[in-house]
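Each chain gets a letter, A, B, C, D and E, in the order it is written, and its residues are counted from 1.
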Amino acid sequence: MDNILNQIGIENYIFLSVILFCIGVFGVLYRRNAIVVFMSIEIMLNAINLLFAAFSTYHQDAQGQIFVFFSMAVAAAEVAIGLAILVSIFRNMGTIDVGNLKNLKG
Amino acid sequence: MDTNLVLVLLLAPFLGFLFNVFLGKKAGKNVVGIVGTLSVAVSFVITLYLFANASQEPVVINLFDWISIQRFDISFGFLIDQLSILWLLFVTGIGSLIHLYSISYMHDDEKMHSFFAYLNLFIFFMIALVIGSNLLMMFIGWEGVGLCSYLLIGFWYKNQNFNDAAKKAFIMNRIGDLGFLIGIFIVGSLFNTLDFTSLRTTIESAKDVSDLWIAIAALALFIGATGKSAQLPLYTWLPDAMAGPTPVSALIHAATMVTAGIFMLTRLNFLFDMAPSVQNIIAIVGACTALVAATIALVQNDIKKVLAYSTVSQLGLMFLALGLGAYEVAVFHVITHAFFKACLFLGSGSVIHGLHGEQDMRKMGGLKKAMPITFITMLIASLAIAGIFPLAGFWSKDEILMTAFNHSNNKALWVVGSIASIMTAFYMFRLIYLTFFNSFRGTEEQKHHLHESPSLITVPLIILAILSFVGGAISLPGHSWLNDYLAPLFTKVAHEEHTLGSTEYMLMAIATIGALIGIGIAYKKYLKDNTIPSEDAEITGLSKVLYNKYYVDEIYDSVFVKPINLLSDLFREHVEKSLSALVFGLGKVTNEIAIQGKKAHNGSVGFYLFAFVIGVIVILTYLFLQQFFI
Amino acid sequence: MDVTTLLIILLLGAFATYFSGDKWAPKVALLFSLTAFAGAICLLSQYNLGNEISYSKLWIAKPKIYFALQADGLALAMVLLTTALTPIIIFSSFGNTYKNSKAFYALIVFMSFAMSGTFLASDGLLYYIFWELSLIPIYFIALIWGNGDAEERKKAVVKFFIYTLAGSLFMLIAFVYLFQKAGSFLISDLTALNLSSSEQFWIFMAFFLAYAIKIPLIPFHTWQAKVYQKAPTVGTMLLAGIMLKMGLYSVIRWQLPIAPLAAKEYMYVFIGLGIAGVIYGSIVALKQKDLKKLLAYSSMAHVGLIAAGAYTLTLDGLRGAVLQMIAHGFVVVGLFFVAEIIFRRYETRKIAEMGGIRAQSPKFTSMFMILVLASVALPSTFNFVGEFTVLYSLSQVNVWFAILGGTTIILGAYYMLKMFQHIMLGETNAKLFADVTFNEGLALVVVIAVLFFFGLYPKPIMELITPSLENILTQINRFN
Amino acid sequence: MIQIPDIANATPIQILFCVLSVITLATAFLTIYSKKPMHNAIYLVICFTSISGHYLLLNAQFLALVNLIVYIGAIMILMLFTIMLMNLNKENEVHKPRITRLGAIVVFCLMCLVLIAMFMNSKPIADGSYDVTGEDYQSIQVLGKLLLNEYMVPFEFASVLLLVAMIGAVLLSKKEKIEK
Amino acid sequence: MNTLIAITGLGILCLLFEILNFRKAIIPVTIIGLLAVLGLTYLGYNAPTSYYNNMIVVSKFSSVFTGLFTVLTVFLIALSHDFYEDHQTKISDFIAIKIFMLAGAVAMVSFGNLAMFFLGIEVLSISLYILAASNRLNVKSNEAGMKYFLMGSFASGIILFGICFIYGAMGSFDVAEITEWSRSAELPVWFPIGISLVTIGMFFKIAAVPFHFWAPDVYEGSPTLTTTTMSTLVKVVAIATLYKLLTAMNADLSDAYINIIIVISIASMTVGNIMALKQNNVKRMLAFSGISHAGFMLMTLLSISNSASSLVYYTTAYSLSGIAAFAVILYVCKNKDNEDISNFNGLGKNNPLMAAILAASLLSMAGIPIFAGFFAKLFLFNQVIEAGYLVVVIAAVINSIISVGYYFKLILAMYNKEPNEEAAKTPFVFYAVAVVAILLNIALGLFPSVVLDLLG
């Protein structure tokens, strides 16, 4: 079986992941809507997952893919908790604008 | 000699002091007076015994090592030799008399017991000063008498002016004391000993000791002496010290304590002989002091102030003699001066006592009849101080002037000394005339109470007057018992006996004539013309300057006291505050940063993440660049 | 008697005092402090018999830290000072009532413990620990039982604490650095080091910061006056009587032997600083309106002179410094007690509000006068012995130092007598002033007796400290 | 080194990669840029799908499926539920101040720049010589074995993680009975 | 390994107890269970091995820290009873989450595979998100949870990114293999980048500047017991993990890397201390204090080869004094709606024992002798000076001085101000925990060797 990286090159996967990751970071910084911020974080995690898969192929090793499962489990757990917190914030404050979280400062 | 004897000599007054301090109030005034006087009298008796049995060699008694310095030890010891015995004689002798006098004089004072306590303490310290075997022992007494002087000047402590005077005396003395200490340090480091006896031998055998350092040491010690003996420029405390009770003035500020400087210089004659330049300074300072004080005394109206300036002036003459190397002459004058000045002070005390505290001569007059004994004794003493033949003062003062005349070709010192003694004659008789002659100028009330003082007061007066009369006998020209007695003390062969040649007789004549002129002027002005010195406000011209003591106090005040106080204010108000602000400032700056920092923690997640990402970028960039460039 | 026993007595004393309750606390504290004094005397007698008084046990293996105590003559002298002053201080406070007195007296005894430890420790770290430990009790004593406005007091006390801590932390760095070189904190190892002169300079400066603040030397003194003023008198006595001496003792014990080259090279600077403190302190004291502040500045002037003496690096200087330390300890305790006695009757420390006390209280006046005289170093008081020796050593370095330092004789007399005059003399005060009580009198008499006894016969102390100082001098001169 | 895509000689796989990458990046960007939460979600779904495409490209079928199930099936649905639950599909978001947005862009550019620069600078990996072991390393079978043998402990531990998340979610949303 | 299983089992037992209606027994049983775990840990300490294909490596280091975590958790759980008085229905959840958090912590210090590390850190983080937001009706708690969650998951992303690059470079997650390969000469650049990213993620967890911004807000907003957890247990876990990570990766810390640590360490100390000066909220102040302590702890990384025992000592000292301090804070602020310093006014009169304990713990944190905090700093300074970084020590010392300023603010409030109200009754547990913690702290100060020798 041919290694796909011979055609595409690991660098391209890295660049793709890096840019995707950076877009995620950008989203976190750029948006105030908490849901979108969550989504941005998911994008970051996905970028990493993709890179894991690419490295897995690179090393011809399944561990990378195993790690992706864990990462997905973590992502799922995080989102669950994040949304639970979000809901209780929405209930208390009526907004999910991150910029409004300024009770604690100084 | 018996150590115990010396200890008794020393401690008897101290025991008297303790008794008066702790039991004095309960014991009653008479007991206080008797115990106080007896304790000094005991010392006097022992001194007499010592005097009678004195050997030629000095006796050193070392009790224990007191202070150790790396290179030498300073012992707690006593030195009994001719000089100390001589001094002890008149200190305890006159001291006893004055104690006696005080019993009556202070009888009305509620704090008589503390007065006697202080007096006893003074005698104790004075004895310690005199018999100390080394410079530091002497320093104990030196400072101790200063303390007693402080306590006694401020005896009537409810008057803050008196307290100021006391404080001034103490501080002025301390300025001198610093000089003394510096002198001790230099002597110590030069010769590795402070013991008088070993110092003397060391100095005699010393080689390659820097003349300069010896001179500095001598000068420093002399500064110490100027403080205690009220010489220029540290004399101003002595007139103020008259705030104390009159017996104190007699004992401390005329007869004994103020002569400590002369004692010290005489003790260390071997040192001063090695520093001729300093001797010159001493002579000049002495002469100047004699003149300046005499001029001030001319116009003073306070009976005690006149005597005080007279004391300063006489001390100046003694220093003149010291500066000329004529230690035995100075000592002679110290002794005669002790007699007549004590007598004068006690007499003035008697007068003041009679007038219930009045000290202004303008309010006296005509006391001759009311107080005959006082008048006669004071007259004798005045004649003595004026230098009238054959009283004690004539011999001693004449010797000083003679020494000054013979000393060098420069007769300036002699001229100055002579003028001072002419003035002495004038102001003393001004005092006598104003006080005892003409009619009484005080209130009717006072006049009514005028009376001769009780015998406890007059007896000491009489004794002292007799001594003033005959005291000159101890050192007559040509047959000086004193010079022989003191001879072992001096390194130089004592001044060759004055052969009484024509010069000497001429000088004696000049001095006597001068004194008579002074008396004459006083007679003319105050007895014939019956002039009364004008009120303070009306004094003008030169007299005003003199009356105000050349404004020296004011000058000192504005040159030293005020600037120090201003400096204190400056330090307290500004330097302290700014130093403090410097330290607090650091805290303030930190707090300010904290306040600014609080603004950065603005609660915005966006900003927090922004900082986070920037941090990541910076770290990665730094790592990347490091890797790239290495 | 073991050297540790002394410390244990004091530590136990602190706890016993705390648990004995408010009523008994002062007595228990006095009992234990007297016991400690007796213990110190025991140690002294053993030392005089020629026994080595030391205790050493490995405490922490890595880094190597010993629980090492050693009492040579110098340390013993200081421990005696501490244990002798503590009972006096405790006793002097009997006239006052303090709320929560069990804690108050426990802290005093604890502080005595820490200070004794500081003097005895021969391991650098142990020494540092005791040094810092002694800071905490005085902090609380000043803070809780102090007087005046709470806010201002807080400011002063916190400044004091932070300031002194700041200095000592640099000392800690120096110790750690030395440890790297020597492999242990033991003073015997530290003084055997061959450090380069630049190393010595920095170590010296680190120590200097700690000590200059503690002593305090100008210009590090700004904490002092306020704290003295605000602290309760007992605290002030502890501070001025003993704690300052910790700084001076440390200069002699640690700083000079460890970094002698720097001390020699910059000798003039440090002596100059000390003397500047003398003059500055005296001049500032002149116009103080608050009695305790005046005494604070006077104390600053005195310790300036002591420090100058220590920095001369001569036997005389060191000996004079130690003598003066002890003398000053007693006299300053006495003077602050006098301030307290006045405060008990007049409820003020403002000099302007006093005056005319003498007529009402002859005993008090005499004792106050004697203390004033001792403070201005009248010969035959202990202070004179110290001051004379120090000034002598200064004159050996440079006679100008002696002259400038000697101004303390004049200025000291000036401000002390002025103070005495304004407080005691003048027209009889309208307010009633009861003469000293028996307890007050007893405390003062003890102090005065000590001052006179050693003023006339300082030999026992001299003989006690001289051998240790000579040892220290050989260490100082080891680079020659 | 970046290989400049040679469009003419591109293999289908390369073209596929490029297309997928463009879709991934574009939808990712749109996810962030779009104003309406619902649109965000849909773009994100597309993005995730395209990533699954990448997985397929890498021949990681199981991963692709799991990705679809977990992300699109679970996570995104959860998010959509939340959006709808809160009725958030409105463009009422206040924009961050311009400076913040500018900062975000700058940071984005910088980060890309730094990371890309770093990786460009990394040692070139020999062209065309990627390891090919020929073994089967990513079939479900292999993954299963690996996961349940070597990675058993983390696998079990992940359950703890999920348990915590579950308890947490309950804890955060359960109403308490106020006890008297 | 047994420890980990036992802890997890204990957590599940908690949940079961709730179901079986043994609510009252939960806390005692857990504490007893945890003490048993401590025993197990001791067994592990004596027999270091690795389990399950190197997933879990029990070493002396991990055992010691596991022990420390367990002790801290015992304290935290003991405090729970009174803290969750009003939330009795949820108490099993709270306790279970804490136990699982401990499991995560143990996984973090005894990982042998990066997967365990990552899962451990996530278990810990997610538990904390929950705990931070657990006061669901309180806006501040919500906000704290949200902020922590957003930033925490961001940081998790960074860590994951780092792990990814490490994997890319090494082709393995096994620490032993990575260690072995990292010694070979030619490492792809991915490896250092990966390490840096993981480190940055951990910097976030220990709240080092400039990744510290979450800490004050989250500490302030969270329920006080959670703050206690964060400032004691979590901080210790994070720094221990970072230390283990860097030793395990055997990354020859390059000069550049060391420089970064120096800068971050100094910055953390300085920012933390300066910012703490002007805080009115005690929790916020201690958050900044925690930041500065993170800076101190980071100094251990400068001589990473031999500073393990210093680290253990420092963390133990710090966390014990933290527990003691927070026990008092919990008592004081129990029925207050904020944690302002003014609440402490006059505590010295109302409750001298508690005031003394708080004062002692603050003094320990400030590094005043006889408390363990001093020795911690001493050993640290000693090690760092030995490694040749005198500058850092001087910065640390200056910071210690600043820190006294705010620690004493609290002490001053207790002793120098009049009390606002009457003394409240102190629950026994608060007393017990505070006293035991501070006594342990002092004992540690008197016998530092006990802890120091654990790691030789």
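Here, contacts are C-beta pairs under 8 Å (C-beta built on N, C-alpha and C of every residue); 3 or more make two chains touch, one makes a residue touch a chain.
Keep in mind that this is a model prediction, so the values were computed, not measured.
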For this session: Check every other chain and keep only those touching both chain C and chain D; list them.
Result: B, E
For this session: Identify the chain whose mean C-alpha position lies nearest to the mean of all protein C-alpha atoms shown.
Result: C
Exercise. If you count the contact pairs for each chain pair, which pair has the most?
Worked result: A-D
For this session: Between chain C and chain E, tell me the centre distance in angstrom, where each centre is the average of that chain's C-alpha atoms.
Result: 43
Problem set entry | Distance from the mean Cα position of chain E to that of chain A, given in whole angstrom | 27
Exercise. Counting in whole Å, what is the centre-to-centre distance of chain B and chain E, each centre being its mean C-alpha position?
Worked result: 77
For this session: Would you mind pulling out the distance in Å between where the CA atoms of chain A average out and where those of chain D do?
Result: 5
For this session: Note the residues in chain C that touch 2 or more other chains, in rising order.
Result: 162
Problem set entry | Multi-partner residues of chain E (each touching 2 or more other chains) | 115, 119, 122, 126, 129-130, 133, 136, 146-147, 150, 154, 189, 193, 216-217, 405
Exercise. In chain B, what residues contact two or more other chains?
Worked result: 587, 598, 601, 603, 605-607, 609-610, 613-614, 616, 620, 627
Problem set entry | Chains that touch, pairwise | A-B, A-D, A-E, B-C, B-D, B-E, C-E, D-E
Seminar exercise, completed: Given the complex, residues on chain D that touch chain E span 118-119, 121-123, 149-154, 157-158, 160-161, 163-165, 167-168, 170-174, 176-177, 179
Problem set entry | Contact footprint of chain D on chain B as seen in their complex | 606-607, 610, 613-614, 616-617, 620-621, 624, 627-628
Exercise. Hey, which residues of chain C end up touching chain E in the complex?
Worked result: 59-63, 100, 103, 125, 128-130, 132-133, 135-136, 140, 143-144, 150, 153-154, 158, 161-162, 165-166, 169-170, 172-173, 176-177, 179-180
Problem set entry | chain A-facing residues of chain D, complex | 1-3, 11, 13-14, 17, 21, 24-25, 28-29, 31-32, 37, 40-41, 44, 47-48, 51, 54-55, 57-60, 62-63, 66-67, 70-71, 74-75, 78-79, 82-83, 85-86, 88, 93-96, 100-101, 103-105, 107-108, 111-112, 115-116, 119-120, 125, 128, 130-135, 137-138, 142-143, 146-147, 151, 154, 158, 161-162, 164-166, 168-169, 172-173
Exercise. Which residues of chain A touch chain B in the complex?
Worked result: 25, 28-29, 32, 98-99, 101-106
